[in-house]
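Pasting the structures in now, so scroll down.
The same chain A turns up in both complexes below, where it pairs with chain B and then with chain C.
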Partner chain A sequence: MTGGKIKLRDWSAAVVLGVLLVLLAVFAPAFYQPQPLLSLLAREAPALVVACGAALVIICRQIDISVGSQFAVCSVAAGLLAAQGLPLLLVVPLSIAVGTLLGAINGVLVAGLRLPSIVVTLATMVTWREGLRWLRQGQFVDLPDGTQWLGLSQTAGQWTLIVAALLGLLGLVWATQHLALGRFIYAVGSDAEAARLSGIRPQMITFLVFVLMGALAGLAAVMNLVQSPQVDPKAGTGLELKAIAAAVVGGVEITGGRGRLWGVLAGLLLLACIGPALTHLHLEAYWEKAIQGGIILLAVVADGWRHRK
Partner chain B sequence: MADLLRLISVTKSFGAVRALRNVSFDLQPGEVHALLGENGAGKSTLIKIITGAHQPDGGILEIHRTRVRHLTPAVARKLGIACIYQQPALFPDLTVAENIALRLEAASVWHRVRWAPRQAQAQALLQRIGAAISPAAEIRSLSMPEQQLVEIACAVGAGARVVIMDEPTASLTQPEQRRLFTLVRTLRARGVGIIYISHRLEEIFALADRVTVLRDGESLHTCALADTNEAALIHLMVGREVSQIYPAAAGPAGRPRLELRELACAAAGVHGINLTVHAGEILGLAGLVGAGRTELARVLFGITPADSGEIRLDGERIRISSPQEATAFGIAYVPEDRRRHGIILEMPIAHNMTLAIHRQIFRGMWLRLGAERRFALDCIQTLGIKAASPSAPGSSLSGGNQQKVSLARWLATRPKLLILDEPTQGVDVGAKSEIHKLIRQLAGEGLAVLMISSDLPEILGMSDRIAVMRGGTLAALLPGHAAANTVMTAALGAKENT
Partner chain C sequence: MNRPGIKTALLRHETVLLVVVVLEWFCFNAMGPSFGSLDNTFDLLRHSVGIGLLALAMTPVILTGGIDLSVGSLLGLCAVLFGKFWRDAGLPIPLAAAVTLVCGAAAGGLNAVLIARWRLPALIVTLGTFSLFRGLAEALTHGVDTFTNFPAAFLFLGQEHWLGMPAQAPIFLLIAAGVWLLVHRTTLGRSFRAIGYAPEGARYAGLPVSRRLALVYVLAGIIAAIAAIIYTARLGQAKADAGTGYELLAITAVVLGGTSIFGGSGTVHGTLLGTAAIAILNNGLVHARQPREVAGMLTGLLLILALAGASLPKVLAQRWPRRQNAPH
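Let's look at the complex of A and B:
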């Protein structure tokens, strides 16, 4: 009986998204113009990659609020490398490497020194962000020609990014179900002591989750960078909140151990569609944030209610 | 007589478990009344009824000769009932004066705090019980006996007429105990009634006026201590027929599997352990709560690694410093608190079963879900687990079946030594006997089994030999056919004079 309810929560974001899309199809078919829709999805592609990482961190009963700053550091680093004339094929792994390093720092502090992740990542969030400001003085990085849209046409570039994000999601979904590491993340997030008594090293798993989060932030930074001619050193401001919100709305429980990565896709799209939907339904666009907040609140209330049962 | 407290035929059940049956008890002013019984005899439940934490299902509760129908903790406090627990329930970050004030002042949100009287009151109370503790000290900085004194000061300050002391000497040194006893006698001289719970018989004989023995939730016998002796009390505590049938031993034990020499771990509080467990043997580890049995298991599983001494497995000397190493050596541990750490409730049964054996059934990095499912189905069948499917969550199972899943996880590692901590706690009778059969069958296959249990009939029925622990070390090593009295005598540290 609880099984049914758990499944419902896994799919609730997708169901609400479906209802919203049907409403839009009936009352505002203009929403389905291909080009704006494609732009919307391409804009959300990097956020999807980050949100998947955030979901894994939350499933492991941790939190990482430094992802926005990690994203910004990786963006600027990748931008500078590209400006030096490095081909994108090299910029991508280097950006991921920078993210991995930043993630490893969080991981060492949280798993190695056993510090609370909220405080650790709050500190690294501020440190990376302010360090970047001091370094760049707010200056944008100009990217060489041929970087934007990966040197393709805009449509082809956008499609490439969307497909890449979806492939990334697919890969992570597969990994959580078929790799021992994925299983261990759920085990540690559910009951770290039970996991330890089963011979799993919870601290190692926690460390790896933070490393993975950093690597995904590095990848997402490049996916964002190729969408514009310049890199804003303030890139990724608020990204951590967006990623955590997408995970929670998608059914990942903030208390750890539960949630599916598929849900994150639905959660992210649902939050992302609110703004355009308001515009197309001729409602005040000012309501966007309030409605997003309401959806997050609803998700948390649903989880709390399920627990009390 | 002017009873302070009287319970007549009190009954209390938790689900299907009858914790108390027709328990009668009374307390007179100026009396120390000892409460005696083995683990799970119903002492805690009785105390919780007296303090209002539990409501009895039936029977009569009288306080100061007045029948009380719905006793709540607040009402109990008002009626002058105070309880001093083994682990003082104080707020560690607040000062002594603040803690005392929290107990004595009205629990009103807008109550104005008057600091000077608070301080003075605490000072006066501490002086009255002869405690040299500063009211401004933080509880965190006090030792365990000092914290107990603060608890007693609270009880005195509240004008308690009934003081319950639950194993107050468990963590005290000899001189601290003597000071506590003097204090108890002072309280008694002032007409306070004291319910004194302890496993230490010599304390009870030194301090108490009367004793009530509880067994299986029944009050068996109340008498003056002058009219009884240790042997008679022990007989009362354990004297019951073994009603259950236990599986017989398959054959003689094999060669030594696990040998411990002078094993000690300060962090776990165990020391001087010399013990051998043979292949094919079930060694029952008996003792009272807090005797160090679970702590020994945790040392052997590398959770709190040993500081000194020797562990030999199959004759080879080994060091175990983490659960991973223990698992690699072939040691399996099914922990006590199944609901908390035995299985992961949110996870499917199949995932729970394979959690400890990833390296064996999944070669390389990835999982083979088909193989896992087959393995789980196999376990479900051979262990007789009642589950809807391997993908049902652990939380959907009954206690006995959860325990079997926890067992399955470890059996799959093909261990040499299986440590079971309270394997049938909270398990219904049918599942209990199935688990017993399973344990015996495993021993028959050459496994060495170390079984911790507080269930004396289970220890006596299942064990080939019985090791009794007391105070963090081995108190006795007895044959499997030992009498219940002998085991209890060793666990209590009493002299056997039957």
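Let's look at the complex of A and C:
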């Protein structure tokens, strides 16, 4: 396992994405219309924030499948607050606070009680989702006029969201590479016992990663909320799988301790482009989910193949 | 692993669960007359067969320390394939069912090759096939096509009575008995637990770990296909979204039934009790005029409580070891 090969895997999603974009440029130049493309990117901006969190959780050798439900709870909470007339400047931190709380509950159960994260987050996913359905009965939340696109024009709002998501990504990339806490996540993910022996508190790091995941879900919820005039209480259904898939396709290894957040961006864009690409290449759009599944399997096989070498 | 302390604790888990199930039954019975009626009991049985079958399929998988997120999607894919074979390929129902079972086995085989032969993590492999199988079902039906108008002889399987119970119940009991015998009364079943408890140890002990792992995933595929056929017979239609979310309910039933999510320990009768607990809770709350969502929420909370109840004493003992050693 040489350094060269690791780099190849880090970049493979980006390479495949590049090939797809070139193919589109040759066979379906209509894909490159600015407005649909901008809408696509703005739509994926919240997913990028969530996928970064999911990547950090996976790097820490855990998994969080409750993010979709956290996202929905934060969306509805933020929507109700905004409907009460609270300015967005207050809604954003409050939504993040709700997400942080939900993440902390996962964190306590996983790190404090040492329960397996897959089952804990499965349980919280169902509990939050059903609880929300019970409270809201499928009702949409109507948002006040100034909320959509942050009160800006649509194009400016979309650019703001994209830039915000990229800044978030940059911040997390910097933090994972330069902050001690960021390095600790990798340390705990590759070998929790070795990390503990070198003075890191693995349970504390695990707890914080889940809290961060919740906070990012809360932030993403607001980024999604400002894109439409209403809040769908079913928001975020399937988001957890999308986020995990983006991380894995982007080269984050499910066995923990390895992966770059840059890869997550490429992985997410690759998965997001499949649907529009199928439409523009005049193929049946129904194949989208099957192709996404195939890409995830290919990414896992690539990881496994590298380990065998 | 064979220490009596752990054994009695396991025994206690299933006993407690049995008490919970019985209590649930009596509570809902006391709340209204409609719950305990024979009609409703049959209705409850019909509805729980699908999830029950997937939970049975999931038990050996989780016993080996794996997981299979793709069973719900596979149920959808098999339902669509079954409809295709019958309506579009013109096969008679029994032949269509047989070919569907082969397809289920092949889909399970795909999981098996990736997990058992190439040693890839089960969680992410089955996450991929979760998306792949559902996507294929959608692609085959273009997202809208529905298969209906099945012959009455086939719908009998899902909607009529046989031997004094819903027609699908004997099939379910037969498969449950089969899985129970496999897990608890054969060396194969014992090897599942050995692999889940210590995969490397199992290899050194001479167990063919890859082949045994492949077996549990192929078995899960076949059972998911059977579940798909029974599901189609109950609803009288096959659609691409059949069984959405069933994988999570199946995992909940298995974990609630006392099977360790890390593998190595668990029982099939625990899984059956877990399925019953979830099914009665869902059905009973609907009869008590509570919204269905409350049942879902309570299922989630029940799962957390079951896990925390099993783990809290251990964590406390680790944190304050002296207290445990102190003389009483």
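One rule holds in what follows: the second predicted complex is superposed on the first by the 308 of 309 C-alpha atoms of A that agree within 3 Å, B and C clash if a C-alpha of one lies under 4 Å from a C-alpha of the other, contacts with A are read in each partner's own complex, and residues count from 1 in each chain.
By our rule, a residue touches a chain if its C-beta (ideal position, glycine included) is under 8 Å from a C-beta of that chain, and two chains touch if they have at least 3 such contacts.
This is a predicted model, so every value here is computed, not measured.
Chemist: If we overlay the two complexes on their shared chain A, which of chain B and chain C does A:Ile96 touch? Say first, second, both or neither.
Modeler: Touch partners of A:Ile96: none, neither chain B nor chain C.
Chemist: Kindly classify A:Ala195 by the partners it touches after superposition: chain B alone (first), chain C alone (second), both, or neither?
Modeler: In the superposition, A:Ala195 contacts chain B only.
Chemist: Looking at the overlay, does A:Leu109 come into contact with chain B only (first), chain C only (second), both, or neither?
Modeler: The answer is second: A:Leu109 touches chain C but not chain B.
Chemist: Which chain, chain B or chain C, is in touch with more residues of chain A?
Modeler: On the superposition, C touches more of the residues of chain A.
Chemist: Contact-wise, after the overlay, does A:Gly257 reach chain B, chain C, both or neither (first, second, both, neither)?
Modeler: Only chain B is touched by A:Gly257; chain C is not.
Chemist: Is A:Val209 touching the first partner chain B, the second partner chain C, both, or neither of them?
Modeler: It touches nothing on chain B or chain C.
Chemist: Check the residue A:Ala180 against both partner chains and state whether it touches chain B (first), chain C (second), both, or neither.
Modeler: first
Chemist: Is A:Leu268 in contact with chain B, with chain C, with both, or with neither (first, second, both, neither)?
Modeler: Neither partner.
Chemist: Jot down the residues of chain A that show up as touching in both complexes, chain B in one and chain C in the other.
Modeler: After superposing on chain A, no chain A residue contacts both chain B and chain C.
Chemist: Mind pulling up the chain C residues that touch chain A in the complex?
Modeler: 67, 114, 118-121, 123-125, 127-136, 138-139, 141-143, 248, 251-252, 255, 261-262, 291, 293-297, 299-301, 303-304, 307-308, 311-312, 314-315
Chemist: Can you list the residues on chain B that touch chain A in the complex?
Modeler: Those in contact with chain A are residues 301, 303, 322-324, 326-327, 333, 335, 340-347, 351, 355-356, 358, 362, 365-367, 369, 392-393, 395-396, 409.
Chemist: Can you name the residues of chain A that touch chain B in the complex?
Modeler: It is residues 2-3, 6, 177-181, 183, 186-187, 190-191, 193-201, 257-258 of chain A that touch chain B.
Chemist: For chain A, which residues are in contact with chain C within the complex?
Modeler: 63, 109, 112-116, 118-120, 122-127, 129-131, 133-134, 137, 241, 244-245, 248, 254-255, 284, 286-294, 296-297, 300-301, 303-304
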